[in-house]
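Below, subunit A partners subunit B and then partners subunit C, in two separate complexes.
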Partner chain A sequence: MYPVEEKQGFSVVCLHGEVDLSNSPEARRTILNCLKKLRHVMVDLSAVEYIDSSGVASLVEGFQYARSNNLEFGLIGVSEAAMGVLRLARLDQVFHIYPSLDDRLGNGSRG
Partner chain B sequence: MSVNTQQQGSPVVEVRNLVTYYGTRKILDDISMNVCEGEIMVIMGGSGSGKSTLLRYMLGLHRPDEGEVRLFGRDISRLGGREWQEVRRRIGVAFQGGALFNSMTVGENVRLPLREHTRLDENTMRIMSRMKLEVVNLSGFEHLMPAQLSGGMVKRAALARALVMDPEILFFDEPSAGLDPVVAADLDKLILRIRDATRVAIVVVTHELESAFEIADRITVLDRGRILMIGTVDEVRNSDNARVRNLLSRTSEDIEVDAEDYLQRLTEGAD
Partner chain C sequence: MHDQILREETVAGRKVRPSDLPAPPKSAIRIVQACSSRAISSSDLARIVANDPLLTAELLRVANSAYFGLVSQVKSVVRAVTVLGHRALRNMVLCIAMRDALRADAIPGFDIDVYWEDALRRAVSARCLAELAGLDADECFTAGLLQDFGLLVMLYLMPEQVSHWSTLAEAMPDRRRDLEIDLFHTTHDEIGLVLARSWDLPSELATAMGYHHEEPPAEIAAEDTVLCRVCACADWMAAVYSCGDKRFAVQRSRTLLEECFGCNAEQTDALLQSVSDSVAEAATALGIRVGEQPSFETVLREANLRLAEENLSYQELTWRLEQTIAERDRYAEELHRELELAREVQQSLLPSPDASPSGITGLNLSAKAVSGDFYDYYPVGDGAIAFCLADVSGKGMNAALLMAKTASLFRCLGKGVHDPGKLLAMINREICETSVRGMFVTMLAGVIDRERRQVVLANAGHLPAIHMGCAALAAEYPAQAPPLGICADTVYPVDSFELLGGSLYLYTDGLLEARIAGGRLGTTGLVRLLKDQGHLPLQQRALAIAASVCRPGEALEDDLTLLILEGARVHGL
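Let's turn to the complex of A and B:
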């Protein structure tokens, strides 16, 4: 189970370690559960050592759900390992990415 | 040339003293090499050098007559069905002709490994396959049938399917063969991008020198079933070995004839 922290009006889902076929369904469930409670969601990827396509697909599904329900969805603290995978699929140009939640709250620039 | 010129992580492919025969004819003779995590190894050689045969043994399609092939540290000829399936899902293969199923759309072809090996949600599988089609610049083509694709598109679709499970080893057979130089160069760049963004070790079999020099961290040069040398691009370019130099300069050699062996080949099985 991935931890979720409630901060400043956001549910912050903290993914960590290796996010792959074995645990991406759990990441997906956690993200969608928060969104289904009509919470804005930030996914913290700072402790992610590796994320595969199924993990990234879970993020895309979260983003898709949030947009359909007028909720905010973003990524914070994206580790270099995760950023490489996002860049490969050009998804770094799709997601709202911030260095940290503080940057988002301080209207940090979209990265 | 690619940025990474050294072996990187631990070996994920190990070939040890591999000897294979076709009938009585020796095809591979004492082949030993390895490929490390994150490395691009190009297996290069002319027609009949044994490079495609070596690839088939690396994929476990044949059992070695002597020696062994290890993937992820495990001798693949000793694996049972379930163990082999576990190894198989960690590797991706893009075959020379694409090997796409003609009765399926491009998208269905790319999703096939996910359907076979995972129980992911349908929506997740769809997004994953579309992401891979984006990576290979085939977005929007998922509903086409393979017969509607150009040669370069077939290769990219095959690559998308090979990548869809995020393999740790990617085998790519003749990526440039039959492609025009611009399309081939694009494919080379794509191979480098994929390696740089992931942990994948990539084994490329090719006879295209330009492509080999563009993408390789190391090159294994095969000739008549034997390894002539294994080295970096610079080491291969600067090799003093006459056969390597012939290969690089595309000079054909007179074939040395072993009279007895030749006569036996011609007359074997005859009355």
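Let's turn to the complex of A and C:
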């Protein structure tokens, strides 16, 4: 079960550890549930040690759902491990990435 | 005092006064109380009884009945008091008085005789147990007759629950009590105790009415506790003739009677038979209308029939379970066959190594029955070859289906579109239209012109293609755009380069992240491996690379796919 925090109108889903085929369905469910409840959702990847393609797919689905429903979806505090995967696949061009939620709230620049 | 207690009681969820409740006539209560007084003489007692002529007449009738069978006929109250004794007289008066406590039409829509028939079975059962319990037969009979009187009172207070009577009557004693809680929010034994105390009934009868389901309090006299046990057993014995699951009631009666009175099954069955024999007689004595009583033999036959039915049901259940297991195995086999078929179809999407143009080969090893990886190549005219390698996110059947779609699009669209960037953009748009669950495809697509040794390559979010020169890494071609299936308007830039004398390696993460001694292969390990195996002929090289990361007997963690393109040999090398 991934924790979700609500801060200043944002749902922050905190993924952690290894996000792979075994737990990406849970990540997907949590992210989509948040998007159905609040208009602004951030996924905190600061504690992610490894993310495989199924984990990335759960982020992509969140991104696509948000885009088609005019919601906000972004990533914050992306760990080196996760950022490596995102950069390699050029997904850093797709997701809105911020160093932290404060950066987003202070109109932090897109990563 | 008792009125006060009762006034404060909430009976069946309502506040009631004793005068609101069905009760034995006051004259009967006076007789009962007088009987309990040791000081009273028989002549005084007879005088009190004679004050109620109707009761007296009924008392003489009952006392002379076959069931209560006195040795000699009694024709006067004085004689009755003398012959019966104070205690028997008390019990007989109580039975008559309680029977008349409620008029026949007191509870709308309810035939009180049906209740009394039920109560009479308990009374007769209790009387059957008197000798075993070492108690007075009439005392046991009275206790049995009164033990569930609380239920009649609850129905009187809440006539809207009368419709549940048949369920209550057919329920086991314990279950009936649970149902009472659901329907009345109280139980007949709780109400019975309150009533018995309010009427000043003898304590042994009040105790039996209050504690034939639950253990009586420790201060209750041992003899009274025995009467409670008699009533508890009588409840189950009567249930043999009234409840739905007669087999269970018979078994429970046998167990209880063995526990309480050391009866074996035969003795219990004989007692149960005598209940059936005596109900009609007792009903005549008390003037209660009852239906025809089934014999115990009939009840037992019915119970055995039910047992046989249950055995049949058990056999049927076993048979159904076997059928279900067989069906599951059949489905598993079918699924296995379909997976095999899917695997065959998927493998057929890959180019045949035997029919490969020179200078290109590929290899695909699946971690599961079907794979989310694929590669392909085919000539596109003028000696050029279109090629690709792709990896679908996730694993299993959904990845395999998306793989099949992408492979078909590559084959279909690639024959007309030779620019890999444009081709990927077209495939991307198609996949985006039907994307589900965020699934995406990382893909490398290119064209190699064998004549000019020129490669044009586009990378959609895939691992970098590695160009190995003759002896070292020449270049890497990482993704310049995200994977297919995410954003429909993505543009895919291309890299163009010459492959003179070297090889181009396209691979999936099943190779890059393969476990080797001391960790995972990684880019450095992969480059070293490609360099070490670079001297081998193409097909042999692909197998050697795969073999160096696949441990014999160990399943793959991930699909492993590799495509190698060899540039034209440079003269002199």
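Throughout what follows, the second predicted complex is superposed on the first by the 109 of 111 C-alpha atoms of A that agree within 3 Å, B and C clash if a C-alpha of one lies under 4 Å from a C-alpha of the other, contacts with A are read in each partner's own complex, and residues count from 1 in each chain.
Here is the rule we go by: contacts are C-beta pairs under 8 Å (C-beta built on N, C-alpha and C of every residue); 3 or more make two chains touch, one makes a residue touch a chain.
Since the model is a prediction, treat every value here as computed from it, not as a measurement.
*Asks:* Looking at the superposed three-chain arrangement on subunit A, would you call subunit B and subunit C a clash or a fit?
*Replies:* clash
*Asks:* For A:D20, using the defined touch cut-off, is the partner it touches subunit B, subunit C, both, or neither? Pick first, second, both or neither.
*Replies:* first
*Asks:* Just to be sure I read the superposition right, which of the two partners does A:S58 touch: subunit B = first, subunit C = second, or both, or neither?
*Replies:* Both: A:S58 reaches subunit B and subunit C.
*Asks:* Classify the contacts of A:V94 with the two partner chains as first (subunit B alone), second (subunit C alone), both, or neither.
*Replies:* second
*Asks:* Considering only touches as defined above, state whether A:R28 meets subunit B (first), subunit C (second), both or neither.
*Replies:* both
*Asks:* With the two structures laid over each other on chain A, which partner does A:G84 touch: subunit B (first), subunit C (second), both, or neither?
*Replies:* Only subunit B is touched by A:G84; subunit C is not.
*Asks:* Go through subunit A and flag every residue that touches subunit B in one model and subunit C in the other.
*Replies:* The overlap between the subunit B and subunit C interfaces on subunit A comprises residues 21, 24, 28, 53-54, 56-58, 60-61, 88-91.
*Asks:* Under the definition above, what is the set of subunit A residues touching subunit B in their complex?
*Replies:* So the residues of subunit A touching subunit B come out as 20-21, 24-25, 28, 50, 52-54, 56-58, 60-61, 84-85, 87-91.
*Asks:* Quick one: which bits of subunit A touch subunit C in the complex? Just the residue numbers, please.
*Replies:* 21, 24, 28, 53-54, 56-64, 88-91, 93-94
*Asks:* Inside the complex, what are the residues of subunit B that reach subunit A?
*Replies:* Subunit B reaches subunit A through residues 118, 120-121, 123-124, 127-128, 131-132, 134-135, 164-166, 193-194, 196-199.
*Asks:* Where on subunit C does subunit A make contact in their complex?
*Replies:* Residues of subunit C touching subunit A: 391-395, 435, 437-440, 442, 461-464, 478-483, 485-487, 509.
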